[in-house]
Every structure is written in structure tokens, then in C-alpha cells.
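After this come two complexes, each holding chain A, first together with chain B and then together with chain C.
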Partner chain A sequence: MKTVVIGVIGADVHAVGNKIIDHVLTEYGFNVVNIGVLSSQEDFINAAIETNAKAILVSSLYGHGEMDCKYLRENCDEAGLGHVKLYVGGNIVVGKQDFKEVEQRFKKMGFDRVYPPGTNIEDAVKDLREDLGE
Partner chain B sequence: MGIHLLVDFGSTYTKLTAVDLEKEDIIGTSKAMTTVKTNVLDGFNLALEKLKVSCPDMPEITGISACSSAAGGLKMAAIGLVEELTVEAAKRACLGAGALVNLVFSHHLSRKEVKQLKQADIDIILLAGGTDGGNKECIIHNAKKLRDADLGVPIIVAGNKDAADEIEEIFDASNQEYYIVDNVMPKLKMLNVKEAKEVIRQIFITKIIEAKGIKKAEEQTGEIIMPTPEAVLLAAELLAKGYEDEEGFNELMVIDVGGATTDVHTIGEGFPKRSEVILKGLQEPFAKRTVEGDLGMRYSANALLSLVSPYEFKQYYEYDETDIEQSALKRHENVEYLPDTDQERAFDNALARICCDYSMSRHVGHVEVVYTPLGNMYYQTGKDLTDIQYVIGTGGVLINNEDAKEILKEVNHKSNKKLELRPTDPVFLIDRKYILASMGLLGQKYPKLALKLMKKYLV
Partner chain C sequence: MIQNKKIPWEDFLKKREQILTHWETGSSPLLDLDKAVDRLKNMPDHKNFAKKLRKAKAEGITMIQPRAGVALLDQHIELMQFLEKHGEADFLPSTIDSYTRQNRYQNAQDGIKESERLGRSLLNGFPAVNYGVEGCMKVVDNINVPIQARHGTPDARLLTEIIHAAGWTSNEGGGISYNIPYAKNIGLEDTLRYWQYCDRLVGYYAEQGIELNREPYGPLTGTLVPPSISHTVAIIESILAAEQGVKNITVGYGQGGNVVQDIAALQTLDELTNYYLKLFGYNDVFVTTVFHQWMGGFPADEAKSMGVISLASTVATLGKATKMITKSPHESQGVPTKEANAEGLRASKIITRLLREQKFPSSKELKEEKEMIKKEVNALIYAILNVGKGDLAQGVIKGFARGLIDIPFAPSEMNAGKILPARDDQGKIRILEFGNLAFDEDIKTFHRERLEKRAKLENREVSFQMTIDDVYAVSQGTLVGKPRQKGVSA
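Our next item is the complex of A and B:
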């Protein structure tokens, strides 16, 4: 069973989506380690180290995700998690912006997958299976 | 029914407490120097003589229970993966079992760290790392390092269960003594130290006692059943929970200001008290013990001084002309020292106040403000102890000190430490007869009586 760490980053307390992601990923056979809301980069990284996670899925709804996610890739690399896939999704930037640009920005920051608001979690499941192998 | 004798082989004194089971009362206490270097029974017999002299009509002794912190107590090394997670869980297991944690390592052990382990005087190593099903590469690497180091010290393996078989093979190939127990952190942030604690106690009873020259005492006292700090923790737990129809005190704290360390024990969940507070970090043990090796009245007086500036020290001490460093050094070099003037007593009181204040800062939980679009939220790390109702002081400097309750007030909430979740308005009690460890022992066989006696003698 593949382990993934999920959580809501920064000063963001939106718990509903987080619970849904937990539920759906578990249904699809992932070992979900949910660190919940108000989580720091450090929390994601520590959880991934101890649980030997293959991917970190970061959620954000309150618009400050871009700031919160800065250097997450570098910090993961520093912690020996270079092999861990990074996903991010939700309302991750301030205001309405062209998603193509947003996706490019986050990919530049080292994220492997970037999802706009309203994404079906099943799409992410498909990507996870592809990225992590069955 | 006769006398149940409680024995505490301490680092300096061997202390006896005689409990009359029929009268349900403590009928006498006595102490004599601990004699580990010659024959530990000499000190014990001397104390027993003294006890018999002070209570000539003492009924027959029908049972004895003993604990020990002699010869430096139980010294452990805790090894884990991430500092805030399995390393912390391993540390808590050691502390909860009454050990001192002298060395702490995270991630992969280096040669330098193994060398430190070799040089340090360690009794048991606790090796953790990884949640169940999580990282196992690190703990396996560390197990190999420890096997190659051939330290001659028992190792308790309390990490990722997926690594257990492989670690068994690693240690079976050598003569390494090892015990595989439940993971101290089986799931992220979940603390599970019960089995690790039990095995620590078992090793303490069967091996450590002998290595420290205390085994001989068992000829007279029967099995020495636990390290003294664990007895104190068990006493505190009993006093908090109550037993059958004898009510307990609910959430409480015991602070033990000793010569070398300051131990703080709290019994209580310490969950957040408000809805906008979110709990962070590893799960807290219901009965939690922390030990501060740099806060003590004698041996650690020097180390303590390095924590406070002369200006800060003056906040606790009213005399101007004292050479603070000299006074601390005097205590460090002569651990038997007893203050003989008002000024020296005030100096001791100042040290005690710093021990209480600083150990509290490290023991209690902290909050941190997070500004969110939904308003202020708070992170809480550690236990919220603001509602603790009783704070019990013990240890040499407090039990014979008329200012003891004044000193203990240092644990209270402070305006300059607003983010620390300290007690706000507790009742202070002093262990005047120095019986807490004994009552922890007595509670193993006679919990109700131990509870009654604590309620009577903690004043």
C-alpha cells in the first residue's frame, strides 16, 4: 500500500475538502496520513520522513498557497525527500488568474502536479497511480 | 498485619518509611548514607537501626518494597528518526520509566555519535524510528551500527514493526542483548510507550540493579521493583485518579527540586480549553515526566547559573554583595552543603525559584498565534496546564523550607510568559515527610492506603 501525506498548508483552516480527499484516497487503497489543517511545511516533511510517504498532497483554499508553498521542494530535497512527489491543489493563488500560468509557476517551484479549483479527486488518483506505479 | 517497610536507595541517602498496616498510618521514617561502594546493606541496616530506636514499639515487619536511584540512577540513550516525532516518543518512554536520558540521537547514527555512546555511561539504549509501515531504512542502519559498536548494553527496539524481523537477524548474528517491543509511535503523532516502559523496568530489575551493586540489598528487601522517579510518577497518578471510593485530587503536578535535576510530573490530559486552539505535535502522555539536568540545587548549580544573567538572577535574590559565581561553585563542589546563614538560605531559595520557573517553562505547553482570514487561531504544543488544581513540591530544598510555598509560586502564570500554559491559581502542597516515592511503592500493593496517607501527609 502506497503512503501519501495530505494536509492544508499555512494559516488555512478549511477542513472539509481535506476530509473528502482523505476519504476518497483511502477508498482507492492509499495509506493516507492526514496531518489536517494549519500545517507547516515542516509538518508535511516530518510526516513524510517517518511514514516513508511516496507523495505529499498539499491543499490550500484561502489564496495564500503560493507563499506557503515556496521552497517546499527545496526543503524536501534538503530533508532527503528528493524522490517524493509533490502535488498541490485548490484555490492556490490570490484572485482570479489564468490557470495555465499558475500551473507553470508551481511547476517551476518544483511541484509535479498542480490542480485548479473544482478538480475531481479521481483525476488526482489517476495521476498518483501513474506517478507512483501500481 | 504488621509493618510494611518502604525503602528508597537514593544517590545520597537510603530512606526508610514504616507504614503500620493495621493503624493505617506512617509510624516512622529514617535515613542513612547510601553505601553502594562498600556494601549497600550497611546503609540500609544503619537506617533500620535508627528507625527501631525512634519507634521502639514497632510491630513486626511483614513486607518490604524498594526502589532505587543509587549510583546515578537509570541512564538511557534515546534514538529515533525525526526529532519532533520518534526521537521525542523514545525520550518520553525513557522518562516515563524513571530514567535519565543522557544521550539523544536522530536520523542515521554517525561514527562520532557511536563513539559518544561508547564513552558515555549508559545502562540501556532505546532504538526507535519510523511509523509502522513507514521508514525502516534508518532504524535498520542504526541497528547495524549498534551491533558493530558492540556496546555491551541492552537495546530495546521500539520502532517500525516492518523492520523487526531484519533487526532480529542483525542482532542474532552477534551476542547483542535486545528486546523487540511495540513501536513507540505506531502512527503519526500517536504515542504508545506502555510496552517499552515495562521492558525498561524489567531490565532495570534484572540487570541494572546488579551492575550498580544494589543487588545485594535484595537479600533483605526482596526485589527492588522500580527506579525511584517512576515510583514518584505512580504516586502522582494514584493521587490524581483516586482509588475505588477514595477520591483523588484530579489533575495535578509534582515538582521535585533535587541536587542534580528538577523533575516535573503532571497527571492530566492537558487538551486545549478553547475551540480556536489547535493541538500540534506528538500526543502527550497522560502521566508526563520531564527532567531538567541543568536545573539543580547542588551538582547542577553551575549549569543553572549559565542559564541566567546576573541581572536575571537578581530578580530572584535580594542580596547585592554576594559573589554569585562563587556561591554556586561552592554548592557544585560540595553537594552535601547546607546553608548556615540567612543569606545562604536566600541564595538556595533563589536557586530553587529558578529551578521551578525554568523547569515549568519547559514542561508546560505553549501557544502560538496564527492570523487567519477567519480571525486569530492558536497552535498549542504540549499540555494546557492552566486549570491544574494542585501543585505538590518535594525534594530536599522544599520539604524543610518554610518558604516552600512562596518558592512554588514561581510555577504560576506570568505576565512576561503569556504564551506558556502554566497553572493559574493552584493549591500548593508540600511533601513534608518526603514520602511520595514510598507511597508510589506502597500503592503497588495497598493503593487505597497509599492514597489516604498522601492525602493526610501532603500539606
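Our next item is the complex of A and C:
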């Protein structure tokens, strides 16, 4: 069973999607470690270390994602989590921006997968299987 | 031990000294209470939230107000002016950024700097504490309608001091409604105290002859919240505020989606809040209602979003809401541009005006929904009072701990999180898992029967999958979530 860490980063309290992602990924056979809302980069990293997670799925729904996710890749690498995949999704920037551009911005920050608003979690399941192997 | 008791003024002043040290702007000479009283007394009536609400209710008009706020002061003022002029907003907001909501003023300061550097707002709202009384005064001095702080701040004491001293005449929030949906592990005892403080300040101004408006946050998690649950919170917060001397309260409700249930909710919200305030001996509180346009996920398509906004405006006006909080066609993408925000406002406005004289006819169905909401609210309030041995504040703390009242999808650990809502066959919000909610068997049976009806129609069991389908339904163009196959994108 592959372990993934999920949570909502920064000062964000959007809990609904988080609870649903937890439910759906569990149903698809992942071992879900849910650190919930209001989680710092440190919380994500500690949870991934403690549980030997293969991927970190960062949710951000309130617009501050760009600031909250800065250096997450570098901090993961420094903590010995270079092998851990980083996904991010939600409303990750302030306002309506061209998603292609936003995706590039976050990929440059070291994220492996970047999802636009309104993505079905099932799409991420497909990517997880591809990235982590069955 | 916290109780629903008015804070003695000396205790308040002692606490106040401490609060004003939480950030450097707390040392402004304009936070002198006599200066603040002078400033508020000099606010013209058309900029007083409480007075304009009284007028709206008397005239039977549904007023409109957007959400909006950006990181930089000059841009924020521009935004406010734009929404007043091009959005025809009757009331202005200042949505406060999420760092400020968590009292992370240093993060907010960094956000201001980054925004200045990049020339675009990296914050999702206006960091009012960082700009202090002086900055907030500049905002209100450059607009012509009343302005309110809208946020989601568990501890908003410094923010509250600053905005009122600056001449902002309304504040949203409450010890439950700005805790359970907005925090992870802050105790209810703490947030009830924080909001008693905010209300006591408003009560003090009332004693000086200044009427300020307070608004408990109605929609809570904004996700399939049954009306009786949000009503119960609104009523309790109104009583707690009234005890501290608040005289002008706006109770809120977030659009559920079924028109009859929403109108029943609006009518009962007004009736029940007035009833309970009087029952507890607060006879001179002026109550108005606010309807929030759909708080869940919006369709990505802007025209369809405008449709959702229009439906909401129809319900709010026919339900006689005094005020409505509007959304924009950019809602699915997050924070809107000022143009999109103004479009949402104008679409809303025309509907409130076209329907102004019209009435929603009474019906058996409407009466039944109203009766159910009243029955449920009475059951919840009775249970909370009972467990608090007659004290409402104690009842809230113990009631949440035991799950007697429970809010779906809330992030807070103070919330039991055991109940699950879902829509019935007509899209009315019902409950499928009750947890420890203080409902009797009659009420539970009613909910179960309605959900069974839908399950039968859809040829599936009543389950959490229904809830999930309902959460995403509106963004995908239906109210009642249709079953979808696993692994297939809808």
C-alpha cells in the first residue's frame, strides 16, 4: 500500500475537498496520511518522513499558494525527501490567471503535477499510479 | 469559566491595554476611545451600516454587498470606488486576507512587500491591521456607502478595535462562526471570549449613542449545511452579542439551492432570532437578515455562474432578505477581478429591484419546511441550554464537545464532525448521518424518509457517495448530484 500525505497548506482552512480527497484516495487503496487544514511546509515534511510517504499532495484554495509553496521542493530535498513526488492543486494563485502559465510557475518551483480548479480527484489517482507504479 | 455575562468595563479596559500591543499599529493615538467616539459620531448617516439597514428593512429592499479586498492600500481604495460606482454596491466590504485572520501580521507585512514588488496582489484580502486606523480611515473617507470588515478571524480583537476607530460601522464574525469553520484547534472558550470582547466594544459605543452593526457569519462551512444548524449558531451568537450590548444584528444564511427550503430558511431565521432574543430578555435589538449567494463550487463557465447568481438573487429578494452577499462569474477561479465582481453585483441588483414588490406565495410545502426548521432549531437550542445548565456560553462549549450540535465539513477539532448531509429528491438539504445531533426520532425519521425517496429514484443506497456527488453537483450543472462511475470524470 503506497502512502501519500495530503493537507491544506498555509493559513488556509478549506476543509471540504480535503475530506473528500481523503475518502476517495483511501477507497482507491492508498494509505492516506491527512494532516488537515492550516498545515505548514514543516508539517508536510515531517509527516512524509514519519510515514515513509511516496508523494505529498498539497491543496490550496485561497490564493496564497504561491507564497506558501515557495521552496517546498528545496526543503523536501534538504530533509532527504528528494524521491518524494510533489503535487499541488486547487485555486493556487490569486484570481483568474492563465493556467498554463500558472502550471509552468509551479513546475519551476519543483512540483511534479499541478492541477487547475475543479479537477476530479480521480484524475490525480491516475497520475499517482503512473508516477508511483502500481 | 466563561459565561454569557456582560464584561465589566474595568476588565475590558485592562484586557484592551494588552490587545493593543499585538502589533505596532495598536499604538496609534487614534485608538484613544474618546477620539474613536468622536470619529464615529461624525460619520454621516449614509455611511452608517446600522442606519442604512434599518432604512432598507423599512422600505423592503434587498441591499447588495460584494466580497473584495487586495493587499495594497491605494489599489484597495480603487477597488472599493469601482464596486461602488460600477457595481452599484449598497454596502462595501473589506475582505481581510488570510494571514491577518490567523494573526500572522508579519506574514501579511511580507505579503504587502511582495505585492509592491510584483505589482499584483499576492494576498487574498486587505491586511487592515497592518495599515492600522490611519489606513482604514483613508478607505472609508474615499467612499460614500457604509463599510464592513468581513473575514474569518478567530481572534479579531485588534482588528475590531482598528476598524471601528477608523469609522467602519459593521463587523462580521462570532465566537462559533469564526472558529469552527475557520480554525483547527482553537478552543471555543477562547473564541467566545474574543468575540465577547468585540461585542463589548460595540456595546460601549452603543452606550455613547453610536449604533454599529454586527453580523454573525451565517453560511459556516458553506457546504450542505442544514438550515436549522446555521440558524442555531446565528441565534446563539445574536444572544451572546446582545448580552454585551449590541443593538443591531444581521443574521445570515447561505443559499442551499432548493427554492422553497431557502425561502423557509430566510423567513424562519428572522422569526426565530427575534423570538429567542425576546425570550432571553433582549427587547431592543434590531434584527435584519443576509442571504449569501451560493457558497459552494461554481461552474467554470462564466455565463452559467451568472445563472447561479441570478437564481440566488431571486430567492433572496422573494425571501425578503435585507441584504445579500454577491458572488462573481469568476467564482470558480477564486478571487475575481474588479470588473467581474461588479458584473455579479449588477446582475444581482436588477433582480432585487425587479422583484421588490413581489411576494412568494405561501403553500403547504413552504409551511412544512418552516415547521421542520423551527422544530429542529428548538431541539438544538434546548439541548445546548440544558447541557450548559442554563448558561448559553457553557452550553456551546459542552454542546459542541458532545456533538449535540455539529457542523458538517468543519476543520475544527472542537467540532464532532459526525454528521453527514445530503440532498433529497428535490434538492432540499437533509441529514443522512446524525452522529450525536440533538434531534428526536420524529425529526430523524423525516430526514431518512426524504433521503430514501431519492435513493430509490437513483437506484442506489443512501451513502456518503451521495454527499460527495452533491458537493460537486452545482459546479457541474445540477443541484442533486447524479451517481457517477468510479474513475470516470464527470
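We adopt the following convention: the second predicted complex is superposed on the first by the 134 of 134 C-alpha atoms of A that agree within 3 Å, B and C clash if a C-alpha of one lies under 4 Å from a C-alpha of the other, contacts with A are read in each partner's own complex, and residues count from 1 in each chain.
Quick note on the criterion: a residue touches a chain if its C-beta (ideal position, glycine included) is under 8 Å from a C-beta of that chain, and two chains touch if they have at least 3 such contacts.
Here the structure is a predicted model, which means the values were calculated and not measured.
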| item | value |
| --- | --- |
| Joint occupancy of chain A by chain B and chain C, clash or fit | clash |
| First, second, both or neither for A:66, with chain B first and chain C second | second |
| Residue contacts on chain A - larger count, chain B or chain C | C |
| Contacts of A:11 with chain B and chain C, given as first, second, both or neither | both |
| First, second, both or neither for A:96, with chain B first and chain C second | second |
| Touching partner for A:123 - first (chain B), second (chain C), both, neither | second |
| Which of chain B and chain C A:37 touches, first, second, both or neither | both |
| Overlapping segment of chain B (options 19-27, 109-117 or 271-279) - the one that collides with chain C in the superposed model | 271-279 |
| Overlapping contact positions on chain A, where the chain C interface meets the chain B interface | 11-13, 36-38, 62-63 |
| Touching residues (chain side chain A, partner chain B) in the complex | 1, 3, 11-13, 31, 33, 35-38, 43, 46-47, 49-53, 62-63 |
| Chain A to chain C touching residues, read off their complex | 10-13, 15-16, 18-20, 23-24, 36-38, 61-64, 66-67, 91, 93-96, 117-118, 120, 122-123, 125-126 |
| Chain A partner contacts - residues on chain B that touch it in the complex | 81-82, 84-86, 129-131, 133-137, 185, 188, 278, 280, 370-374, 377, 379 |
| Residue ranges of chain C in contact with chain A within the complex | 97-99, 101-102, 104, 107, 110-111, 114, 120-124, 152, 181-184, 221, 223, 297, 300, 330, 332-337, 340, 409-411, 464, 468, 471, 475, 486-490 |
